[in-house]
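Multiple structures are listed underneath, in structure tokens.
Each of the next two complexes has subunit A plus one more chain, namely subunit B in the first and subunit C in the second.
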Partner chain A sequence: MSAPSVEKGIQAIKGQIDAPVASFFSACVHCGLCAEACLFYTETGDPKYTPINKVEPMRRIWEREYTLFGKAKAALGLSKEVDADTFAEWETLVYDGCTLCGRCSLVCPVGNDISGMIRKIREGFAAAGYAPEGLIGASTRAVEIGSPMGVKLPAVQAQIKHLQKNTGLDVPIDAKGAEYLVLLSSMEIMNFPEYLEAIARIMHQAGKSWTIASKAFEATNSGIQIGVSDIAKLLVSRVVDAADELGVKTVISPECGHAFTAIRWDGANLIGRPYGFEVKHILEVLDEFVKKGLIKTEGMEDAKLTYHDPCQIARKGGVVEQPRNLLNRIASNFVEMEDAGEMNWCCGGGGGVSANERADELKLTAFNRKKAQLEALGVDTLVTACANCRLTLEEGLEENNMDIPIVGLTEMLAEYLVEDDKEQA
Partner chain B sequence: MDANELLAWARGSGFDIALTIFVAGMLLRLLEVLALGNKPDLSAPRGSGPKGGVQTLLSRNLPRKAVFDREPLRIINGYVLHIGFFIVLFLYGPHIVLFESFLGFGWPGLPSGVIDAVGAITILSLIAALVFRLNNKVIRFISTKDDYVAWAVTLLPLLTGYLTYNHLVASYTMMLALHLLSVELLLVVAPFTKLTHMFSFAMARWYQGYQAGRRGVES
Partner chain C sequence: MMSTISNDKQFRDALNGLNAQQQRLVGALFVENVLGLSNDPRVAQSLVVAKGTDLAEDVVNLARRSIKAACLEAHTRCGADGEWTDQAGYFVARAAEACLEPEGRSQGKGAAWKAAMSARMARTCLAADSDEDAHDTESQAQYQILTSYLDA
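What follows is the complex of A and B.
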């Protein structure tokens, strides 16, 4: 990558402005309601976190570059320029103070997709050289090593060996013609090996062929978070190439929010062509298996529990019913948080915030919202379906001395799976 | 220029000039948006884009509970302001006559006493909107000169209309001329302020709704 500069940043932002963005800026009436939906505003009370304010540099560039009136204003010296100071001032708003959760976009009365614009403006900040160290590091590791946490294939293989010893089940690597290509997030490899074991057991029970790709086991995409489309494209291409090479029918996105956004929605646009395979979130696949009777469960968890909707999976991914269908099958005391589903509050660590150490304190302040939600319910267990949410929630709970275990929904389902050791069909 | 001459100008050339600027200005603003284009989405759709677009066009007319519970007064005031403005603009007899002269057809209006009351409520609602803007830390923080200009040019036609109808401040002829001039000011200014939202809101809702519909997500 060439050296970043303010000029490149401005050009990158210009390149992101399309008709939808222009319509959003033309329609904004400065009503401020987006702030009421943003946990960074509600938890800090600082109006600078008002979502529409986070894209003010983009609005200035749009007005100057793409409107006649704005050009006239600029010629007369009546408009504010976007310069190095602007980038410096807005950097923390754009990266630290936004998890791209998308709640603001759902409440805007004129229909502005504000979080979509924040995702876009990050392209300019990264190109200008105003991106957080944590995200630069994660992106560099993803490009050079293959994973934002620096996880390499041997780590996955070691986990597989362990799994095989424990369960006697096979974890196919690079199996051509398999129906499903299973992706993992680094966090699942490093922190939550339960996930892969659950997959192996469920796939075995469902009688489905599946594989992991040695060249593309990692689903996460730091390029999406930092806002560098070239990196995002490279990382998505690894998955697409592997899926094409192996000839799989469906790629399964793991329990990770932004990975789903990256591979399900952004991927085809990044590589510039539709995929030759389907992409589904693991919860969609599990719900399908249950509905088709491919897997059965027995027994119920009696502890009072609730489900935290990962923003990219529920609000932005449309996977809302499936986790509820699954939980109602295996939990007898499942209760919902206020605003559950499409309007659920973010954990505070999405959109690259958890990879950005500079934002740690702000992230914990934002967590107060989730803390209040959990306290209101008084649950014994918290279930979720995103490893990043899970780590953020664990950290927040620990910081607040709250003793609530967190489990991934896939591993929980596997716990109640009926395993009859039938041979694969 | 006396009141009669002023009224004649406001009814004639003044109105023509203002309307031309309004129409040309708004068209320019909307074309500026459309000219930027929108790349086709290559991801596999889960639902219908157009259906989502229409749905969002309608659904955003109502607030979500999550924000309504936090800011009920501001949201209700927004409704009063918009609905009041529409009633006064479209359901006052003399206004309908004016529209009829352009469109060739009219529609039934409301009794002028009702319009008078609605006008007063709308004026109060606009004043409340300004109070919110100045006192709420979020709105004050994000407000620009544009917001205050748009507020003033929206208030003036309502205020002068109210004063004209109630024969206050100046002669009826003078007030009517001022009322027309204030409407013309609104028409001239609108395309260059956030008042463009009167049309662009539909585009914004459509774009977000279209994407959401395609993806099968809430909008």
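What follows is the complex of A and C.
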């Protein structure tokens, strides 16, 4: 990429203003409902976190460049220009104070996709050079190494060897013609290796062929988070190329929220052509396996537990029913949080916020919403399906001296599989 | 005298025969074998508690909170540049955390088994950046530790 500049940032924002964006700005009735839907506003009480305000620089450019009224105001010197100070002032609102959770878009009475506009405006901020260091580093590593956390293939191979020796289960790499291509997030590889073990156990019992791709094991997409479509496209292309080369029927997105958005919803548009395979979230696949009788469980967890819906999986991805089907199968005391499912409140760490150290304090403030939800229920266990949510929630619980263990749903389901004699462990 | 443990099936069966206190103690012995991979003093402190008997509940709770915090601090944050040698410390802390996990929270795995797996994972971290394969070495060491404990 060429060196960032304010002018490039402005041009990038202009490039993102299409008919839907123009109609969104025209249609906004300033009702304030988006503010009440945003945990950064509700937990800080600061009006600057009102979602529609986060795209104010884009609105200014739209008005000045594309409306008669705006052009007249500009000619008379009455409009505010977008300059370096604007980028500096709004950078923390755009990156630190938004997880791209999409709750604002869902409540907007005129249907404005505010979250989508914040994703778009990040293109301008990245081009202008006003993006968090953490996301710049993650994006650079994703492009150069293939993982935002610098995970290389030998590390994955070492973990696979560890898993195979402990369980006796096979973890195929580059198996041509396999039905499923399983993607992983670097967070799972580094912090939660039990996810891959759970996949191996489930696939073994389901009798399904699957593989990991040596050229594209990584599911996450830093390009989506920082707002650089060229990077997002490159990262999606790696997965698509690997899936095509291996001839898989289905690509499985892991327990990672934005990875699902990237590969399932944005990917085909980014590369400009339809996929030759299906993309499913792991919870969709597990629900299918259970319904088809391919995997069987025994026993029930009797601890009082609830499920935290990752925003990108539930609200943006539509995977709401499946985790509940699975939990009701293995948990006898599953209770719902208020505003569960598509209206669930974000953990506070999505959309690149948790990769942005500068946002740590704000993230913990935002967690107060989840804290209140959990306190109202008094649960013994919290289940989720996103490694990033999991760690954000753990940090929030730790900060608030709340002792609630957090479990990944895939891992939990695997623990209740009917024992298989073929497994050593 | 117990016959020598030479595979994970025998290893797990033997661990399943231990009560909760014994699980914590043996788990702590597994962690001690990889303690050099962590530089957090809270890990060693937690092992003292894990190996102790008749401890006051608040002492155990304090140690539990301390090792849980150590574990959380040691993880690699989302999007950060991961260092596998540092990550080994995270898995050592997780192994120690397993030893102090309240009963009923180990998802049927048993504290000692969870500690053993995390301890092996700590060794595996060292193989992530090199050709070193310490998995078998750690497994064998754990078989020996358990055999010695059962024979004692």
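Everything below uses one rule, namely that the second predicted complex is superposed on the first by the 418 of 425 C-alpha atoms of A that agree within 3 Å, B and C clash if a C-alpha of one lies under 4 Å from a C-alpha of the other, contacts with A are read in each partner's own complex, and residues count from 1 in each chain.
Definition applied: a residue touches a chain if its C-beta (ideal position, glycine included) is under 8 Å from a C-beta of that chain, and two chains touch if they have at least 3 such contacts.
Because the structure is a prediction, the values reported are computed rather than measured.
Using the contact criterion defined above for the overlaid structures, shared-chain residue A:105 touches subunit B, although it does not reach subunit C.
Looking at the shared chain after the overlay, A:322 reaches neither subunit B nor subunit C.
Within the superposed three-chain model, A:312 lies out of touch with both subunit B and subunit C [touch as defined at top]. Judged by the number of subunit A residues each one touches, B leads among subunit B and subunit C.
When both complexes are overlaid on chain A, the residue A:405 reaches subunit C alone and has no touch with subunit B. By the document's definition of touching, of the two partners only subunit B reaches A:24; subunit C does not.
The touching residues of subunit B, when paired with subunit A in their complex, are 28-29, 32-39, 41-44, 46, 56-57, 60, 63-64, 66-67, 70-71, 74-75, 78, 136-144, 147, 192, 194, 196-197, 200-201, 203-209, 211, 215-219. Residues of subunit A touching subunit B in their complex: 17-24, 26-33, 35-37, 41, 45, 47-48, 50, 52-53, 66-69, 103, 105-113, 116, 264-269, 272-275, 278-279, 315-318, 320, 339, 342-343. On subunit A, the positions that touch subunit C within their shared complex are 134-135, 137-138, 141, 148-152, 154-155, 158-159, 161-162, 165-166, 186-187, 190-191, 193, 222, 225, 303, 349, 352, 354-355, 357, 387-388, 391, 394-395, 398, 401, 403, 405, 407, 412, 415, 424-425. Against subunit A, the residues of subunit C that register as touching in their complex are 7-9, 12, 65, 68-69, 72, 75-82, 84, 87, 90, 104-105, 107-109, 117, 120-121, 124, 127-129, 133, 135-136, 139.
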